[in-house]
Amino acid sequence: MDIKALLAQVKSGELDMDTAEQQLKNLPYEDLGYAKIDHHRKLRSGFPEVIFCSGKSMEHLVGIYKSFYDRDDDVLGTRASQAQYEAVAQVVPCVEYDPLSKVLKIHRHPLEQVGLISVCTGGTSDIAVAEEVAQVAEYFGSKVNRVYDVGVAGIHRLFAKLDAIEAANCIVAIAGMEGALAGVLAGLVSKPVIAVPTSIGYGASFGGLSALLTMLNSCAEGVSVVNIDNGFGAGYIATQINKLASK
Amino acid sequence: MDIKALLAQVKSGELDMDTAEQQLKNLPYEDLGYAKIDHHRKLRSGFPEVIFCSGKSMEHLVGIYKSFYDRDDDVLGTRASQAQYEAVAQVVPCVEYDPLSKVLKIHRHPLEQVGLISVCTGGTSDIAVAEEVAQVAEYFGSKVNRVYDVGVAGIHRLFAKLDAIEAANCIVAIAGMEGALAGVLAGLVSKPVIAVPTSIGYGASFGGLSALLTMLNSCAEGVSVVNIDNGFGAGYIATQINKLASK
Amino acid sequence: MDIKALLAQVKSGELDMDTAEQQLKNLPYEDLGYAKIDHHRKLRSGFPEVIFCSGKSMEHLVGIYKSFYDRDDDVLGTRASQAQYEAVAQVVPCVEYDPLSKVLKIHRHPLEQVGLISVCTGGTSDIAVAEEVAQVAEYFGSKVNRVYDVGVAGIHRLFAKLDAIEAANCIVAIAGMEGALAGVLAGLVSKPVIAVPTSIGYGASFGGLSALLTMLNSCAEGVSVVNIDNGFGAGYIATQINKLASK
Amino acid sequence: MDIKALLAQVKSGELDMDTAEQQLKNLPYEDLGYAKIDHHRKLRSGFPEVIFCSGKSMEHLVGIYKSFYDRDDDVLGTRASQAQYEAVAQVVPCVEYDPLSKVLKIHRHPLEQVGLISVCTGGTSDIAVAEEVAQVAEYFGSKVNRVYDVGVAGIHRLFAKLDAIEAANCIVAIAGMEGALAGVLAGLVSKPVIAVPTSIGYGASFGGLSALLTMLNSCAEGVSVVNIDNGFGAGYIATQINKLASK
Amino acid sequence: MDIKALLAQVKSGELDMDTAEQQLKNLPYEDLGYAKIDHHRKLRSGFPEVIFCSGKSMEHLVGIYKSFYDRDDDVLGTRASQAQYEAVAQVVPCVEYDPLSKVLKIHRHPLEQVGLISVCTGGTSDIAVAEEVAQVAEYFGSKVNRVYDVGVAGIHRLFAKLDAIEAANCIVAIAGMEGALAGVLAGLVSKPVIAVPTSIGYGASFGGLSALLTMLNSCAEGVSVVNIDNGFGAGYIATQINKLASK
Amino acid sequence: MDIKALLAQVKSGELDMDTAEQQLKNLPYEDLGYAKIDHHRKLRSGFPEVIFCSGKSMEHLVGIYKSFYDRDDDVLGTRASQAQYEAVAQVVPCVEYDPLSKVLKIHRHPLEQVGLISVCTGGTSDIAVAEEVAQVAEYFGSKVNRVYDVGVAGIHRLFAKLDAIEAANCIVAIAGMEGALAGVLAGLVSKPVIAVPTSIGYGASFGGLSALLTMLNSCAEGVSVVNIDNGFGAGYIATQINKLASK
Amino acid sequence: MDIKALLAQVKSGELDMDTAEQQLKNLPYEDLGYAKIDHHRKLRSGFPEVIFCSGKSMEHLVGIYKSFYDRDDDVLGTRASQAQYEAVAQVVPCVEYDPLSKVLKIHRHPLEQVGLISVCTGGTSDIAVAEEVAQVAEYFGSKVNRVYDVGVAGIHRLFAKLDAIEAANCIVAIAGMEGALAGVLAGLVSKPVIAVPTSIGYGASFGGLSALLTMLNSCAEGVSVVNIDNGFGAGYIATQINKLASK
Amino acid sequence: MDIKALLAQVKSGELDMDTAEQQLKNLPYEDLGYAKIDHHRKLRSGFPEVIFCSGKSMEHLVGIYKSFYDRDDDVLGTRASQAQYEAVAQVVPCVEYDPLSKVLKIHRHPLEQVGLISVCTGGTSDIAVAEEVAQVAEYFGSKVNRVYDVGVAGIHRLFAKLDAIEAANCIVAIAGMEGALAGVLAGLVSKPVIAVPTSIGYGASFGGLSALLTMLNSCAEGVSVVNIDNGFGAGYIATQINKLASK
């Protein structure tokens, strides 16, 4: 909203004061009662809206997707279940679902993909999170290089892929258990590393706490960390960085 | 119990000493063996009795509701399951159940609703807890203003509702994940804010611990906190405050 | 700031558009560079500004107090050290310091004290926190009833004071170690109880964590909790409640 | 085993040296391979053997019960499931099961019950643990006084039962959530209090951690604590104390 | 206080009603303002009053000791510093201090010592806590058998002392680091074991948490646990048990 | 890979530079895309490849086993479910599965078993983890002595087996709850003890944390610890030690 | 190191095989025995070497700075004490020290400063960490915009600075206590936000844990997090991003 | 003690029964009252006695060292302070102290050093712990190869030393902060790796917890872990392994 333009309208009488006051108070979003959908977010941040599906009721979720669909807007949902997909698909036929990454999206206006992000995992069990990273990054307009199962327990696998990894503008390092991949990668490359701890593991991994602490305590420079299993968050900030670098 | 009146009766001989001693020891409640129901609590605190349903056996729970029903007393139960509702409904036909808030109540003598409490959530996933707050507050005699999905990630949604929120005597701020809503609200309004952390989230939210710590460490003045997901507790103390302000 | 009045001024030409835009963006505070002092806070919240002294450099702290002093405003600082007091006193001669509560204040315009708050402690070691509660509440305009050393280990001491405690509009319960005072009090009175866990204790009290968890899990209704040792926060919200009840 | 008697037999030639060495090494127990059953434990400790059923395979559990049954020994198992009961009952027809306390026992030689133990709970949800306490204590030869639902949130219920509680040699205080019952009781009576935190609660009760810490930090003298939900342990040590007092 | 006798006095007119009401409300203690000293506690519990010295101000502590001294009552303080001793000694010349156990006491009327308590430590570093146990037990009238440095790392040292240990009515097992002593002892003896975890250790002992958890999870029957380093609590409950057994 | 030999080939012209560069970068493994199988690991470490089955998709897991099967290589998988076994068995008919230890293996080229490892458990509930230890050790070429249910609560059972335990080159001590077995064993034997905490227990065992801390804080020398329930890790390092001792 | 060039030299005979093997193994660093200084790091990562001063002995630290000084290389040390500065200054006269940020540097070859990073703090107590961020970023070649004391408790202060904050390529948000600044900022701007939790706070802030969890659980997109008080790490990755955006 | 020989003596009359019983009960150690010194430990375990000096009183510590000195036995103490060294040196002139490792020893009968242990650190700040490892290993008869400052942040430093590291029978990996060194090393070598987390770090390293969890969750096979900063424990078990391999 352009405050100055609005004030000009008030001065000129184009806009009455009550309406202006209202507009100053109510920035534009659609109020569904149970949810307030931010259709102008795309203008503000340059990215389409995103929905955290987990825990939302069927009625609420379907209503939200329908609102986007009706305006011909795209939307990407994370942590969607198969059942949620099926419910949404009944009213939004074009919705797409990937059961591995649990991404549920309306994607009729794909963005051009630019730059490059390397998405690396320590093991094969981390691939579900990695696919959330990769698909979010692709949705928001990044090219992605997937490099899976290159954990530090067999470090020669990592070295074999190092040139390809470093070719990106930003690297996402995804690992559970000990979570050492992020720090080792950051010591080998000169690009920012976004670290994603995963909840893969057992016992003293404490649901991903071990990998989280490892990544936060990385001795190598150039690492910052998102929440455990937060593939979406990593894909988003990696795209922000990739786009800054691709201007 | 009025100790002085009792002593007067002893002195006058109206009351024999053994009975007096007994009454001094046994304040009035109904002993079901497995439970001690406090029918005089309403006199003492001004609020009807409340039941924490979760974990109680069917037999015990039905017995407790029947005891209130038989005396034509109202009672509100929290965290009741659908199965508990169905069992109670067989012997107490007038019992009401809301599956979202999990409130199970006998409500034949509604209190007049006074004052105003604003019940705000950060997201749509927090609504189940918020409804427990709102329905408890309404049951105990407060008017309630529901303001849902106004979390700090899109802070213009909050500003648009600020005047309506602050019109209340007490504000309940309900949020999971980072839990920043309570502190931001308290910085914007001049009314006491009761903060309810929720267990919505994943990974390093640690079942609501993250939101709990955020709220306890709020830099803004005028915040105090109840247990994670404790909608009942927030609705109760908010009503105490609202009634003090509405006298 | 009254948005409507401002818009009226714009319309009438009293205010040019650039100035109006500026005012809409910059709410009034004084920018010292290292700190942004909110002299209008009093208008907004009804309470004077408060300073968290711990960890601030001498230069910054003295500068802040001087700013208030120069405008003849009152200010209350918490967690101030003896050394901080002495440094401030050199440029602000009227500053007052209490070494027990660590309150450091300029207090030339005392508010009228209304209503009543009961400030209760479990033991004598909790008195330092209790005095922070009491002095903050008095500074902001509450009458205070101090009831110290009435912990549940010798519960007859608590019963002897119960009538005096309940005479208040709001009760602050301060306890370390097991922290049971808040829950027991809330079961006995009908006023809201603000619970303050303290770090008094050793071993499995884990710096106040034990008392904090006890208070958050209180079975009695009408308890909400502030941070460990946060006497200021309790005194503030108790005063908000007390003033609502004293209107 | 009487070492001196054994040595005398060696000296006299009654016992050959190899056998003696074997006996010195192998104190008497029955080795089932997967389990080593201690049939002489009763002699050593004065109490029959006890089995922790949870997590044991059907084959192992049935084998263990059969071993006791075949020797006409009694045995008490804790945390047994309905399925485990049914499997054991097929080969040990006289086995008895209580689904509330989850106690599974062969009880053909009941001990005489002496003295008195008071078993108190804060709420009705704590009764499952309380019954484990009570039935273990009775099995090992204690009289038991059950006093349920006397938590501190309605402290007059506790006072009404105080004389009956204190008549025992040892008091077991069982509570979840805030867990304040143990400390309040210990402040009111002069008998040792064994505190049992329960996992009843939610949110910041952290599976019983809150009640555990409360009880460990009790300000009142005369409290010691067993593991969360450990009704067996409390029933056992309470009986040890009760028997010492009943000599 | 004998309620029945009081009621009889009211009936007969010996006692006026206002006085009776007052007595029913105010059980006898001395109110120093900052502390409420319980001079009748000895009658109620059979044990003299105890003071937790740590964290009390000099003025308060000296006042409390003087109050006992003036009434010719004994008192035992725990966790007293050398400085506190010196301050108290100036006004209470007969006060005694042991710098190892940090016990500070007025002890002019020693109780007769009965029965026996065994006080065992895992290592020599646990002796400070053990002496608090032993001296508290002796002060309250128990005979004590000290058995130090018999930890499980060299288990033959423990076996050599086993007969002497088991001769007691109650055993106190004190250990830091892994804290296994309590469980091993309980498996070898048939008397109740009060376990005291100590903060001796480093790294993953986390200030005694490791030993605390070990003791709470003891597989052997007959163990209950007090707070980390809580020698006083262990000495107190061990004496309660010892006296019950010595009747 | 022999770098010097490769360089010699480059110099002599046997190997062209591009190929050499490639080989220096790509150490030999098979890239399945989702997994990078290290068929040369056996040469490097002397042990065949191992697969962590838990959390892998059926498609990935079957593909990995098929890859080994097709090359006639052995492979051992841990934490495999019954369903995973059935899926793999459809394409790899010779695969073997043990539902107790959850080991899933192709084992056509058994290694000769040398030396001796003692695998000891505190209780019968720890046997599942113990069997993972034992079967991994046997698979990698160690003889194994199983000694189950010798926990410290009945320490005479342990002493009866001590000579047999100490006959090994390395001892694995497996225990849940208090976890004291490792420390007690290390105090009695002179061989290295690998400690495995298990998640057996409840309440304050916190999923094995209690046993883990106990073992890390062991006062006896010669203990080191692996992750909670990590039978594989213990079997592996015990075999490394056993083989060093058996050379 | 260019592997292909090296191989060419081997082939041509310019380089003998032993030397080549050595170079492949020993990448260039200077071995001081106690430390291995990486003088070629600048080539590899584009950034000069950095030293973590805290905990290093005087002798080691002085030796390391002298090594850089002697080669006329720049170096930046973090968390240096005043005493360390004085010791280094005796042999490296040109070393510069800032006692607020604790940065100790040799800075004879300043890099050109490009782009822009906004460094924001919640309070004035966070300025020490913020200065580490800012000075590290400036040292590595970024322009910096300092925006201090704009925490969410008085959110109008933040809005007044929003345009200036968003003008940067990357934003660093530094806050203790509740730590909500990062999430609120990320909801308002479209640039990546690097969040730095600080240890400012008390009680349930648990040394910065509260702020750390808040930031990890941020609901707004575009936040990633470094270790508590890790100003250096934030300054480094922010500069990586800023330089990518400034190309 | 040879039980069979003892029994033979009893049978033959060489040994009377009382003495035999005594010997069976009292394995040989010297009882100083406050400590029980195990002079025969060397026979049992093959290693001399070790003393944990931290927390012992001067009087006790000096007495213990004197006891060894008087018998001409060697002894090694860990975590000794400078003051403890000076006190012991006054009565035991030959005692040796290293202020870096804090080892205090009587070392008149050095053992022959055999085999090889590699002691590796991630950084220079870990050297104090590493020296405790190395000096303990040397004292007990191992050759040691020190490889310091080879952390994974600059992994080429590690590769340059890999051949030398792997030449040992056992590798000790010492690291703080993220603690990734142990897992990376174990992936590269085929020898058992004993991991020592250190308390070096700040913030979310939580006193070494981060490194501890990383090491426990190592994905590479062949890692086991000792307590945080427990250089002694690592040196001891590494020597046990080294000696088994050197037979």
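By letter and in written order, the chains are A, B, C, D, E, F, G and H; residue numbering begins at 1 in each of them.
What we mean here is this: a residue touches a chain if its C-beta (ideal position, glycine included) is under 8 Å from a C-beta of that chain, and two chains touch if they have at least 3 such contacts.
From a predicted model like this one, the values you see are computed outputs, not experimental measurements.
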>> From the centre of chain D, which other chain's Cα mean sits the farthest off?
In response: G
> Between copies chain G and chain H, are the contact residues mostly the same numbers or mostly different, with half as the line?
Replying inline: different
> Roughly how far is chain C from chain H, going centre to centre by Cα mean, in whole Å?
Replying inline: 53
> When the C-alpha atoms of chain B and chain E are each averaged to a single point, how far apart are the two points in Å?
Replying inline: 40
> Using mean CA coordinates as chain centres, what's the chain E-chain F distance in Å?
Replying inline: 49
> chain H: which residues touch two or more other chains?
Replying inline: 25, 123, 154, 203-205, 209, 212, 216-218, 221, 227-228
>> Can you give me every chain pair that touches, using the contact definition above?
In response: A-B, A-C, A-F, A-G, A-H, B-C, B-D, B-E, B-G, C-D, C-E, C-G, D-E, D-F, D-H, E-F, E-H, F-G, F-H, G-H
> What part of chain D is in contact with chain E in the complex they form?
Replying inline: 44-47, 50, 169-170, 190-192, 194, 212, 216-218, 221-228, 232-234, 236-237, 240-241, 244-245, 247
> What residues of chain H sit close enough to touch chain G in their complex?
Replying inline: 123-125, 127, 148-150, 154, 156-157, 159-160, 200, 202-205
>> Could you list, by residue number, the parts of chain E that touch chain B in their complex?
In response: 3-4, 7-8, 10-11, 13, 17, 20-21, 24-25
>> Looking at the complex, which residues from chain E come into contact with chain F?
In response: 122-123, 151-155, 177-180, 183-184, 186-188, 201, 203-206, 209-211, 213-221
>> Considering only the defined contacts, which chain H positions touch chain E in the complex?
In response: 25-27, 29, 33-36, 38, 41, 52, 54-56, 60, 79, 197, 199, 207-209, 212, 227-230
